[in-house]
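In what follows, structures are represented as structure tokens.
After this come two complexes, each holding chain A, first together with chain B and then together with chain C.
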Partner chain A sequence: MKKILEVKNLKVHFELSSGLFKPKKVVHAVDGIDFEVFEGETLGIVGESGCGKSSLARALCGLNKITSGSALFNGIDLAKATAKQWDEVHKQMQFIFQDPVAALDPRMTVAEIIAEPLVTLYPNMKQTEVMEKVFSTMKLVGLSQNQVNRYPQEFSGGQCQRIGIARALILEPKVLICDESVSALDVSIKAQIINLLQELQQKLKLTILFISHDLGVIKHICNRILVMYLGNIMELGAKKTIYSDPLHPYTKALLSAVPVANPELEKAKVIQLLEGELPSPVNPPHGCVFHTRCPLASEACSLSRPTEKIVREHSVSCFKVN
Partner chain B sequence: MTAKKIPLLDVRNLTVEFKVQDGLVRAVNGLSFKVYDGDIIGIVGESGSGKSQSMLAIMGLLAGNGKISGSVKFMGQELVGISTAKLNKIRGDKMAMIFQDPMTSLNPYLKISSQMTEVLMLHKNMSYKDALAESIKMLDRVKIPDAKNRVHLYPHEFSGGMRQRVMIAMSLLTKPKLLIADEPTTALDVTVQAQILELLRDLRKEFGMTIIFITHDMGVVANLCDRVNVMYGGWLMETAAIQIIFKNPIHPYTQALLATIPSLDHDVDKLKTIPGEPPNLLQLPAGCPFQERCSQVSAACTQNIPLRRVENRHVVKCANSNGVAL
Partner chain C sequence: MFVKAKNLNLDTPKTKGFWLSVFSRLARNKLAMTSGCIIVVLTLLCIIVPMFSSVAYDKTDWGQIMQSPSAAHWFGTDSLGRDLFVRCFIGGRITFEIAFAAAFVVLLVGIFYGAIAGYVGGKLDTIMMRIVDVLYGIPFLFFCILLITLFGNSMALSFVAIAAISWLDMSRIVRGQTLSIKHKEFVEAAMISGVSNFKIITRHVIPNLLGIVIVYAALTVPNMIVMSAVLSFFGLGVTEPMTSWGLLISDGAQNMQAWWLLLSPATLMVITLLSFAFLANGLRDALDPR
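Now for the complex of A and B:
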């Protein structure tokens, strides 16, 4: 399979404003991660709030600045890309947001919203051609043509998310980054949008980065899964084995905490409760960032950061996994 | 969990309506159910199903334009139409409610200590000193580390999970008989959610509390609840013990709802979906609110549909189901 995105030692840090004589504080949102994305796959990124999954996604789309490291996409290093290069990147990589209603400008009609990326990145395109594309994209995502002059507030959450997807797809991108794109939707609508994304992926041969905290959805939609904790990758592997044979203690705890809609399984299940709270990303723990809450932690874990190793086809960062 | 003769909470034909600019919104329509001592009841439904509004109505917390009819009996006492002064003696004391977002329920200007002690000083006539000691004990009980010192912090100094614990501790101060929890874990991470669910289970054991747990997550229901009420468009569609509802759901909506959830315990190629969208409460069709999206719709669905008992404590509101009309 062809690599479409290659991320190396990527860091996204945010400086907190501080006083003149106060020491500078830095949020280590993403703290040196490496991974690759292959053409046509769906890579799931999971983790709890504050693990850096959204900061990562936004950095890959140019919505956050990359502090250091590199992210190679189509020969362009996103860490050093110029505004012109970003235009090229955005033609091929688009973003779908979490809150479908907040992501749409309430003063723009559906046509204007969906056409905007096209008008911005292809300013010379004829109006008729733009409208043709708007109509065909609307059809693709299951919106009807007669809704084209309406405003976002006239639509339900599920339909707004369809508009958001249409806006992302009108440029015919190769990569879609979905940041919690179905989390705000009701159960019955969620399934519709998930199916739509899967259909579109097959039809358009899309590569999808799917970020979610919902492990059920991730399991359904993704081929490979990347588990993050406090700005670091804990484990990366194929979906099947991540769920059936999780290796990293954090992955195990995370999976055991997900309630399953089956009372018998729930009764039989032993949940590994994590003690304590997520440490602050301003002062992440030394060594393995998970050692403060890890049931297996020993002294070695607090001294140095574990390097990635391949165990049973997973890439896992843990001293305790052999 | 043995069914006692007098239910702790007996809701009959509860209807909640809101007058809005565009007409009358019927958020809850003829809701009837009973809650017995010690049960944990889950209430599931999508947005607009009336799950929150029915509970707010029971607590007497409806918005100003809300109108309530029907009957709510709590420990044998009728709550509909009761004076606010009388209601204030019951809620906060014998029944308490916790909400999805603890930050909006806690006063950001007041320390946790003054918010917690207020409850006890008001309902139990305690002195500040006793109330503070009791508050610290309760914070300890919900596993807030260093409760002695942290009781003097402001809400923003706690994390989301800790804030929810503070809310739970606060609602438990008076040892209420009934705790109504409105999506208390929805905004939390799964690992924190697991901690809170565990805590609620422990607290039920310890205090013999009855819990009504509103959620949209069937996994949480399977994890925590004994029984579940499924709501849609203001109607109670189906109610049964969880073992029954997950194995043998009768209402087409319950069946569809369970089928749409991407699950950890089995794989499917394509998720089943429910076509269409949740109904507009301003323009509900006559009869069943689910008829437009239902795969088993028939002419009878536009008629008045009675609640039917399929078997003991398994009740369904569907025109096409069997069972004895109630």
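Now for the complex of A and C:
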């Protein structure tokens, strides 16, 4: 399989301004991660709130600045890309937002919203050609042509998300980043949008980076799963093995928290509770970032950061896993 | 805008645009509509009355000094025998001219200044807003007197003075709104679509600001009227024989025994101010229906 995106030691830090004379505080949102994305796969990124998964996604499409490291996409290093190169990147990598309604400008019609990326990135395209594309994309995502002159507030959440998907797809991108794209939808609509995404992926040979905290959704849609905690990768592996054979103590805890639909099984299940709170990304713990809450932690974990190693086809960052 | 689906001769049902639905909500608010009509009528009167009146606003008639309202002089005459009816409307014309022109400058400068400061953020925002803070510190009347001593007394100057002080509020309001709009996802979506910053401001930020800006503009105009009245009351800006509502009121306040001198311009001004307030209120309700 061909690599489409190669992320190396990527860091996304935010400076907190805390007054003129106080020392600057730095939020280590993404703190040195490495992974690859292969063409045509769906990579799921999971982790609790505040673990840096959104910062990562936003950095990959230019909404956050990359502090250091590199992210190679189609020969362009996103960490050093110029404005022109970003235009090229945006033609091939698009983003689907969490809140479907907030992602659409309330003052624009559906046609204007969907056409905006096309009109901006291909300024010489003819008006009729643009509209043809708008209509074909609308059909693709299951919107009807006669909705083209309406405003977003006249649509339901699910339809708004379809409009958002149409806007992302009109450029015929190779990669789609979905940042919690179904979390704001109710269950039946969620299923529709997930099925639509899977359908589109097959039709258009899309590569999808699917970010979610919902392990059920991730299990349904992804090929490989990347587990993040406090800006670091804990575990990365194929879906089947991650769900059936989690190695990292954090992944185990995360999976044990997923509710089971069968009440008897749910009662019998042992939930592995993590102690304490998520440490602040302003001062991440020394050594392994997870050691403050890890049931297996020992002295050695607080001294140095574990490097990733391959155990039973997973890539795991933990001293205790062999 | 930049895509015209309407030109494509499609069978697409038109839905009410945003502004059309705002207007239909506004039309249902009787108080606001009445106020709007009053403003339009007053504006027209201010244009028409001095044009077609048989007496000029500065024509003195020594036989008709301090006459109370009559069939010949509907609002009475002043201490120089000038017809107050014509003077009220020519004064209104000047007042409206200053108010509308200043409001226009305030809108233009305030929106762009605030939108740029809010959208760009960071150091530029800090610098731009500190400039606003410093200008806020200058007392209005002191600033006007300073301008007049430097450049001499004229009507244009009072307009400049008012505009120069009033855009500060607008820029602050616009900046605050821009800050909240900037982090909305549709702006980020536009960034990912490669839209330039300037276009994001003009295409996404400003149209979404317009609601609050229109309401504030409707509240700004009466503010300007009061300010120009205050200036004229102190004898700054508009000078005799030209007049404005402020000047007429000041004149009337000095001759309280001739009640009509105060009553007519004051009534006109109060009606105008109230109308603008009700219109702004109605606009606010129409712009965000809850």
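In this text, the second predicted complex is superposed on the first by the 322 of 322 C-alpha atoms of A that agree within 3 Å, B and C clash if a C-alpha of one lies under 4 Å from a C-alpha of the other, contacts with A are read in each partner's own complex, and residues count from 1 in each chain.
As a convention for this text, a contact is a pair of C-beta atoms (placed from the backbone, for glycine too) under 8 Å apart; a residue touches a chain by one contact, two chains touch by 3 or more.
Note that the structure is predicted; figures quoted are calculated from it, not measured.
Colleague: Contacts for A:Pro295 in the overlay, against chain B (first) and chain C (second): which applies, first, second, both or neither?
Modeller: Neither partner.
Colleague: Let me test your reading of the model: by the given contact rule, A:Pro117 touches which partner, first (chain B), second (chain C), both or neither?
Modeller: Second partner only, chain C.
Colleague: Would you check which partner chain A:Val148 touches, where first means chain B only, second means chain C only, and both and neither mean what they say?
Modeller: A:Val148: touches chain C, not chain B.
Colleague: Looking at the overlay, what does A:Leu215 touch: chain B (first), chain C (second), both, or neither?
Modeller: Touch status of A:Leu215: first partner only.
Colleague: Do any residues of chain A touch both chain B and chain C, and if so, which are they?
Modeller: Residues common to the chain A contacts of chain C and of chain B do not exist here, since the sets are disjoint.
Colleague: Which stretch or stretches of chain A touch chain B in the complex?
Modeller: Interface residues on chain A, with respect to chain B: 48-49, 156, 158-159, 186-192, 194-195, 198, 213-217, 219-221, 243, 253-266, 271, 273-274, 276-278.
Colleague: In the complex of these two chains, what residues of chain C are touching chain A?
Modeller: The touching residues are 1-8, 10-15, 17-18, 184-186, 188-195, 199, 204, 207-208.
Colleague: Could you pull out which chain A residues touch chain C in their complex?
Modeller: 61-63, 86-87, 90, 94-95, 97-99, 102-109, 111-112, 115-117, 119-121, 127-128, 130-131, 134, 145-146, 148-151, 154, 164, 167
Colleague: Of all residues in chain B, which touch chain A in the complex?
Modeller: 46-47, 145, 159-162, 189-195, 197-198, 216-224, 242-243, 246, 256-258, 260-265, 267-268, 270-274, 277-278, 293
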